[in-house]
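A single structure is presented below for examination.
Every chain is named by a letter (A, B, C and D) in the order it is written, and numbering of its residues begins at 1.
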Amino acid sequence: MDQIRVGVIGTGYWGPNLLRNLHYLPDSEVVAVADKRDERLDHVRSLYSCLETTNDYRDFFDMGIQAVVIATPPATHYKIAMDCLQHGLHTFVEKPLTLDSAQGQEMVEYAESHGLVLMVGHTFEYNPAVRKVKELIDSGEIGDILYIDAVRVNLGLFQRDLDVLWDLAPHDLSILHYLIGQDPISIKADGGANIFEGKTDVAYMHLEFPGNILAHVHVSWLDPSKVRKITIVGSKKMLIYDDLENLEKIKIYDKGVEKLPYTDSFGDFQCSYRYGDVTAPYIHFTEPLRIECQHFVDCIKNGDRPLSDGRSGLRIVRLLEAAERSLACHGERQMYESAPLSSVAEQAAK
Amino acid sequence: MDQIRVGVIGTGYWGPNLLRNLHYLPDSEVVAVADKRDERLDHVRSLYSCLETTNDYRDFFDMGIQAVVIATPPATHYKIAMDCLQHGLHTFVEKPLTLDSAQGQEMVEYAESHGLVLMVGHTFEYNPAVRKVKELIDSGEIGDILYIDAVRVNLGLFQRDLDVLWDLAPHDLSILHYLIGQDPISIKADGGANIFEGKTDVAYMHLEFPGNILAHVHVSWLDPSKVRKITIVGSKKMLIYDDLENLEKIKIYDKGVEKLPYTDSFGDFQCSYRYGDVTAPYIHFTEPLRIECQHFVDCIKNGDRPLSDGRSGLRIVRLLEAAERSLACHGERQMYESAPLSSVAEQAAK
Amino acid sequence: MDQIRVGVIGTGYWGPNLLRNLHYLPDSEVVAVADKRDERLDHVRSLYSCLETTNDYRDFFDMGIQAVVIATPPATHYKIAMDCLQHGLHTFVEKPLTLDSAQGQEMVEYAESHGLVLMVGHTFEYNPAVRKVKELIDSGEIGDILYIDAVRVNLGLFQRDLDVLWDLAPHDLSILHYLIGQDPISIKADGGANIFEGKTDVAYMHLEFPGNILAHVHVSWLDPSKVRKITIVGSKKMLIYDDLENLEKIKIYDKGVEKLPYTDSFGDFQCSYRYGDVTAPYIHFTEPLRIECQHFVDCIKNGDRPLSDGRSGLRIVRLLEAAERSLACHGERQMYESAPLSSVAEQAAK
Amino acid sequence: MDQIRVGVIGTGYWGPNLLRNLHYLPDSEVVAVADKRDERLDHVRSLYSCLETTNDYRDFFDMGIQAVVIATPPATHYKIAMDCLQHGLHTFVEKPLTLDSAQGQEMVEYAESHGLVLMVGHTFEYNPAVRKVKELIDSGEIGDILYIDAVRVNLGLFQRDLDVLWDLAPHDLSILHYLIGQDPISIKADGGANIFEGKTDVAYMHLEFPGNILAHVHVSWLDPSKVRKITIVGSKKMLIYDDLENLEKIKIYDKGVEKLPYTDSFGDFQCSYRYGDVTAPYIHFTEPLRIECQHFVDCIKNGDRPLSDGRSGLRIVRLLEAAERSLACHGERQMYESAPLSSVAEQAAK
């Protein structure tokens, strides 16, 4: 089969990285790039002189393009993505899929009922380190997951149409779902808007998952040090994934506490501690974005559902909406419910 | 004035440290030590052969002792401390003051109305690094406190009559009150009991303080790495106090985000980032316990109220009780109310 | 003045970085690229489709090119650079300038006597962090330099025509000269060839500079951890430059030992220690290569001598030759003598 | 057999630690302590009221003491130790054994020919982490040792009768001998006396061992950061022992370079790199001094030769003398020769 003809929409902060990777992939050919800003298009042409460029992505519809990659501001995702889907294009949308779950559901249903690939850019699901963590969990080496603590903070760029929840949390929420493999039962969020009224810049989320698994996520745009760390406490071992470490990104601690069988007449509890080796498994690192772009192209070619498909993107949007509701009422617990997708889509999704 | 004659009750994990420090202080003389366990008393005698030892602290009452230091299991604090107070002894109790605020209130009222010193071992209020942080805040160098994030985790000893909340959180809660200088408005707690049914071993607390200051505390007995870190984000600068650092315990980051006055017709927000030097102020370190013990002796000699007096101990107990209530109902927000101390005590407290 | 028309020779490991930077500079235009390997040229064309490419750099001589950048294997530097100089081209050569000082001297003399710019790629002299260190030294804040300790180790790529001395040491030797501002008096080198007979893969160098300044350099291709650290001990303060640190690349320690005036009758020495703050100055980081390429272009336009000119490159070559002689006789001390440049060159150099 | 009756001479910086450990050992009884300074003896009595104290260690000779532990200034070791040996006492001397190898030899010969235990305080040979490293080497896991790099630096106390070589290097030199198990062939030293004329405060040593093993030791009293690190590069794996790490003191890197047999017609070398897991083996840590003191007592009881016997102490003294000679002539290489011990001693040593 020939190369997939791709168009890239939006070349601001993230778009150029998607463009670069799609440009290199043997299976895809970036045919054109769209951005409202001429200076961005000039920049793109200086790098890839053979590319078509336009201020209006709708020009793509006459270019024999099969797929689009959308890296525009989140508020515009829905309109642009629906337009592309309705023109029969397979569509990749950067995270968050959209800022409104109703819109997200419409996108998912349309794509599924029309046999189009809809994928969202949950990059970390394509990160070799995260995949190694998943592997360690699935192998049973960690034992049952007791709880997961995630921290993603630094002095961060304040986004115009996002707050820290919508900007940073999608990463951790998608990682949590990827690792645990189930939808959460409930979510709570507390936080503060310290710099701009109503714009949350620090937040703490607390999630409950089936099997009594707890997860806590701390995101902040207002922290002196940059931290990207996930701690997983299992019944057998403990693990820390530090994304800022160059070589020892994952450390497995052969540590734990074991409950001893009931012993004395007073029913006192007894436990034993295990302190063992610490191991940092070697990870062969490849750029996650490369793997992600390849996956998008493969799904189009083979008619597969992406790992981070529209439903996955929708899940995160609904979780963030629940978190916002919680934030609005002093962190009151919100139950999570998955989107009521129409049976048509259900069928198609099979 | 002569040396204060002190008796030490309980020589398990912490008692020996108090004993050692009181032994060295020129202003105090440790006259006797009490512990139910003979082997502990043997050990103490092997170190301090001139000490009287007994299995029953009540023997102290005939030894012309003026003050006692109680480092027994928390569940026994109330009974022993009240007994000592009623025998007219100035009393130091390890944290937590007690496990029941009603008992704590009784202790405070008795001590205050009888002019006895009642002090609780909130060690960190006597830690030179914490005091340096306090100094930096009070000097205005950090600006207004926006939020404080505290983490105190490691693979910790499971206590028999405490959970992780009562074991570790008193440190952070007393530090927060010391630094902010006000009572919190509300507290919430989420957590899990992963090893023993009903015994919380990981907890996340969220507090609101006057002036819209948020604080978050994460404590755990089930973490692979040991962390003792407090991050303070101020309106001018940011600060990290890492108690495990030997030399650079405090780092001040001249970093921040400033809201610009100008906002354009679309009501866009504007902000500027400040990235500056990082400074680790030199701290002349003295053993906090030494300072704490000296303070206890000084208060007795000068009739002063200790920095960490009974009321301070009671405040933490009431906060922990509120946290427990919250924990019992999915982290529901609990308002904090200070103890309704009788006017008698109030008078005395003047 | 128009853009400088540049040709790039060699697009292996380092060439593409020079190409990228020269491509972006408004003052220069990369006209053509030469490499013997077609696959490399294909790769370059895929990135910069408008570029001329050739297997033979001599084609440049008919392209109206004014300057060349040579990033070929060191053994070929001399032949190619002389050829370009003789065709009147300003020449930039990657470090080391050459593997033989006689050749280096010839290059310098030719360039200087013909008014051509000859520059060598001592990148660290254009590194904002190194420049900050220089600034701190020149400001007197550190006091007199007592000694400098440099470590540059990791599990490194074994080069075909270089050993670790010629591969890594040029960085540290050029940094030392840049910071101290004088030629060394002597150099010694010890080391080992652990993997390939006669190919040094770990080396320790010891240099003496005027003013009784000592410097020690440790380079290795066989170390488990990557280290890029320079410690400068001054009479007033101490400083560590850690190139692998993202934010706190430079730490200034207000620490020192001071000799007290002679005091007692026994003439015992007395000293006092100073322990003070640690400060990490904020460094506005720009890609050193960008600054370096801009400097090359500026020197051509303004007829200036580059900071890292041919003489600078020659100095390092002569130092490495002396180090090799020392290595050959158990680290015997070798005096350093600067190259006896012909008066013609001297004149021109004025 | 009864407890060994021990006397401790010198209670300055290190003596109290030896005293504390010998005090706790069930197999030894500290009978008396000697120090010229009354205030030190007062301090000791405040801790161990049952001890005899004296200003003159010779009083020990009438106290039925069997062994002495000498922690006085090194310059006094010889005189005191010989006196004790001549009074038939088993003798433990802090490192360095003495400052003059002729004296050291006399001590060794006397002790060996009179069947007395003479032990020197090379503490690291009793350090569980160092022993773990030894175990890893002996097991063959690391492969052949290629080279060892040791760094022991910080802003250190200037000793009155020692320079940094005699103060810090004995640790690394004894560790090197312990790990490699052979005498070095040669030693070289370079360094500087930056604060006091003639008192070396920074030094670099380079040693050659049989089997083409190189070792480099960097010691300094003038460094901003405290470092205690030993890197061992083996033919199979690499290892770092960082004594300042609390939990991961030893890290084993499954990394290496392998020479491939195949070399093509041009005689090019070929190698492959191995990057694998990093493992930090769990070490059950016990105070090295406790193990060391127990060993001294055991050797007396069982008539064994201590691991760090007089010969071991003498070896280090001779190495340091050679290093000093090298330092005096610009780091000229000095061959190492072991002490020519008299046959009598040799016999006894059997």
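The rule we apply is simple: a residue touches a chain if its C-beta (ideal position, glycine included) is under 8 Å from a C-beta of that chain, and two chains touch if they have at least 3 such contacts.
Nothing here was measured: the structure is a model prediction, and the numbers come from that model.
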{"item": "B-C or C-D, whichever has more C-beta pairs in contact", "value": "C-D"}
{"item": "Chain at maximum distance from subunit B, centres defined as averaged CA atoms", "value": "C"}
{"item": "Rounded Å distance between subunit B and subunit D, as computed from the means of their C-alpha atoms", "value": "43"}
{"item": "Between subunit C and subunit D, centroid-to-centroid distance (C-alpha), Å", "value": "40"}
{"item": "Between subunit B and subunit C, centroid-to-centroid distance (C-alpha), Å", "value": "55"}
{"item": "Multi-chain contact residues (two or more partners), subunit B", "value": "247, 275"}
{"item": "Complex contacts: residues of subunit C adjacent to subunit B", "value": "247-248, 254, 275-282"}
{"item": "Of all residues in subunit C, those that touch subunit D in their complex", "value": "146-147, 149, 155, 158, 160, 186, 188, 190-192, 194-196, 199, 202, 204, 206, 212, 214, 216, 218, 221-225, 231, 233, 238-240, 251, 253, 255-257, 259, 268-269, 271, 273, 275, 330-333"}
{"item": "Touch list for subunit A against partner subunit C, complex", "value": "47-50, 226, 246-247"}
